[in-house]
Amino acid sequence: MAGAGSSTHRDPDRTLESTLRAAATVAGGITVGIVAFLLVGSLPALRAVGPLRFLSDPSWNPVHGAYNVVPMLVGTLVVTAGAVLLATPLAVASAVFGRFYVRGALSRTHRRILETLAGIPSVVYGLWGLMVLVPAIARVGPPGQSVLAGVLVLALMILPTIALVGDTALGAVPEAHLRGAAAAGLSRWAIARSIALPAARSGILTGILLGTGRALGETMAVVMVTGNVVQLPGSVLAPVRTLTANIALEMAYATDAHRSALFVSGLVLALLTIGLVAAVDRIAGRPEGEGTPAHVV
Amino acid sequence: MWFRLRPSAWLDTPWRWRALAVPRDAAAHLAVWGAALAVAGAFSWILADVLLHGAPHLSLELLTAAPADAGRGGGIAPILVSTLLILGVCLLVAMPLGLGSAVLLAEFSRSANGYGRLVRRSLDVLAGLPSIVFGLFGYAFFCHALGLGFSILSGGLTLACMVLPVLIRSVEAALRAVPDDMRAASAALGLSKTTAIRSLLLPAAAPGLAVGLILGTGRALAETAALLFTSGYVVRMPESLLDSGRALSVHIYDLAMNVPGGDGMAYASALVLLGLLVGMNALATELVQRWQRRKGLVLG
Amino acid sequence: MTRVLRVIGVAVGVGVACSPSSEPDTLVITGSSTIAPVVAEAAQRYERAHPGVRIDVQSGGSSRGIGDVRSGLADIGMVSRALEGEEQKLHTYGIARDGVGIVLNAQNPVASLTRAQVVAIYRGEIASWRELGGRDAPIIVVHKASGRATLEVFLEHFGLDNRNVKADVIVGENEQAIKSIAGSPDAIGYVSIGTAAVDIEHGVPIKLVGVGDVAPTLENLRRGVYPIARPLNLVTREPAEGLARAFIEYLRSRAVARLIEAQYFVQVSG
């Protein structure tokens, strides 16, 4: 786009742009590096066993030559989907609460609570889940370590991310829009629902995506509360094993062939994430944000 | 940012809408307050549990002494130092990379075009990888390939990889939310993009930066598996970045899951970590607000 | 920002140049997370008694210990089981023995189990505690993830095949098993006696039950009559010498006897 500016203004911008491109390339390159790492680690198993058996073997038992990852894939999907479905409405409602229903000290306290929740180590969530939540669930249906426990703990873990990113997005909605709506006589909820939330939509979606990522990749807390039995869950009270738990449980003690098979389950998770991101990209592929910043200069 | 809505404002609403408005508003009111209370409730439940088990072990010695009896006694001083060093390395590396990438994504690329979209999607994928994979990758790349061994540096670099997506996306989202009027005005004034970004847009996006920092720091402090394989298990007071050092989250994990009878100290260490977290968050918010004020942009 | 990048570059360069692999007075020990706390504590004491010496202890599992010793990344490996096959080419130094015991929740009225009962429970053939004289509740079977030493010892002693075990909960570390059992009145599991005994001392609501007529006590372990036991080993690639030898001997000496016994492991000396 031809800009009206003297050439002395373009040079610093060009150097800036190249530096920034370098930074972004490093960031993106890390992903490529890690996926490549997973591929390289998985190759021995894929070559020795063949990719089809990872979907069709009778069970997962690498020591005895069984390599089916499907139950764990389902476990990951169920637990993650449950957590995201539970956390998102609560998180969005929390964000709306903090921005439109309270102010001052109460709003700040609410934010502090979310920020602190975001920093609690997975071990502590896992411990609380194992020693407090699981016995409570066990009373309804043993053993207690189950899909439900995983969903609840994960939802609690990702809620702050979604809420905080959503809160920032809501805060960036121009006041003029809100004042105008108030002047038109809209109620608080109507303003939030019809003006603020749509305007903040892309920020909230970013938050949801980040939260989903966190849920997919969470290891420690999930190992402690989901029971880790390799099976297709028959109900929310049944134990289940996720792909991440699988790696965490068996990696430390696995020999080479077994280790490579575990890398395959890591690769499956990476592929799942890539697929999810690509799907979201296809569906919500419209330009994000308030206005696409055009090259103005 | 709060705009004053007088409680009696709805009285001014036209009559025929008031009847419709009330039940929906009441329901929304209930839902929103309910959500907030649920969050606060869950938080209190967890905090109460941690306090219950950990408070009896809190003492000044906890913060100043070295661990004894496999961690069941003594304190966590060397571990605190290692943790802060790891966090420092992580942020030092992640901030420039993160800010740079975010600015590129927000200001120098259309959201629908190839390169920016590719980078953004890569970051989303990065955000979904399991922490243990980061640990294995960090061990293979930083400890072996780069020869850093079990060290604070390896741990910090691995954490930086984990923290980048959240940092970049938060700052990018905030930059995109800054209205285009600012960009148009700065161009009209003849400012270069560099100046506009540095003096106007970044300060305006500061709240997003704060959120990104806070979420990133939280994630970094909370991470266990990745650090176990990279910065290691050693409890000695670190003398250089190349020394192995146990992070606080790893210590909590070890005490809870490896050392029998270590629960109490695990919870006490968790309390220290929470305190550290709250402190860092307050610091981050304060610094960012101060920067915003200096640039003359208090946007609430 | 460029200055920061430069500093980082130098740091990385320095790191590559002088990575802290084994210098003469540094020892790197990696391996089993069961042995790691004890060895780390002993290492701390040794360092205090011999200034200038550095002993770095990392965990990561028995397989990591063996692998690191083979590749030269570690001087000593910690392995919480007997070596098998190819691994036996490494030099082994036993430092302790640990028993594996059956653990129930403290509220469970059942006081002991026979061998046949344990086998039946783990194969899913006995489903309720009522059949064993307990309350009318389903048995919650806690099992370990594959590859763990405790699992191997347990399976071997009871003649079980892992494929036939019907588990309700699968755990990783001993402590996870104990916490699962402590939170669930109808659970049964097997853990390292050392871990269980120390936890019982700290008031965790579990109990060790005997299988057959030998009680799972430290005394029986010491006398060698308790049948379900595993060795805790240190391994090296070449016969240990210098600092490695000195530290291994230290671990077998009376100076650390109390440290080891406090974990309810039986020290092996010489």
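Order as written gives the chain letters A, B and C; numbering starts at 1 within each chain.
The working rule: contacts are C-beta pairs under 8 Å (C-beta built on N, C-alpha and C of every residue); 3 or more make two chains touch, one makes a residue touch a chain.
This one's a predicted model, so the numbers in the text were calculated from it and none came from an experiment.
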Among all chain pairs, the one with the most C-beta contacts
A-B
Compute the centre of every chain as the mean of its C-alpha atoms, then state which one is farthest from the centre of subunit A.
C
Could you state the distance in Å from the CA-based centre of subunit A to that of subunit B?
14
As a quick test, compute the distance in whole Å between the mean CA positions of subunit A and subunit C.
34
In angstrom, rounded to a whole number, how far apart do the mean CA points of subunit B and subunit C lie?
35
Identify all positions of subunit A at which a residue touches two or more other chains, and write them in rising order.
19, 127, 131, 248, 251
Where in subunit B do residues touch two or more other chains at once?
96, 100, 256-257
Multi-partner residues of subunit C (at least 2 other chains)
1, 33, 60, 172, 176
Complex interface listing, subunit A residues touching subunit C
19, 59, 61-64, 127, 130-131, 134-135, 138, 142-145, 223-224, 227-230, 239, 241, 248-255, 258
Sort out for me which residues of subunit B touch subunit A in the complex.
1-3, 5, 9-10, 12-14, 17, 21, 24-25, 28-29, 31-36, 38-40, 42-43, 45-46, 49-50, 96-101, 103-108, 110-112, 115-119, 121-134, 136-137, 140-141, 161, 164-166, 168-170, 173-174, 176-180, 183-184, 186-187, 190, 192-194, 197, 207-208, 211, 214-215, 217-219, 221-225, 249, 252-253, 256-257, 266, 270, 273-274, 277-278, 281, 300
Using the touch definition from the top, list the residues of subunit C that touch subunit A in their complex.
1, 33, 60-64, 137-138, 140, 145-149, 162-163, 167-172, 176, 179-180, 182-184, 186-187
Subunit B-touching residues of subunit C, taken from the complex the two chains share
1, 4-5, 8, 11-12, 14-16, 18-21, 33-34, 36-38, 40-41, 44, 47, 54, 56-60, 172-176, 178, 194-199, 201-202, 263
With touch defined as at the start, can you tell me which subunit B residues reach subunit C in the complex?
66, 69-71, 92-93, 96, 100, 146-151, 153, 228-229, 232-236, 241-244, 254, 256-261, 263
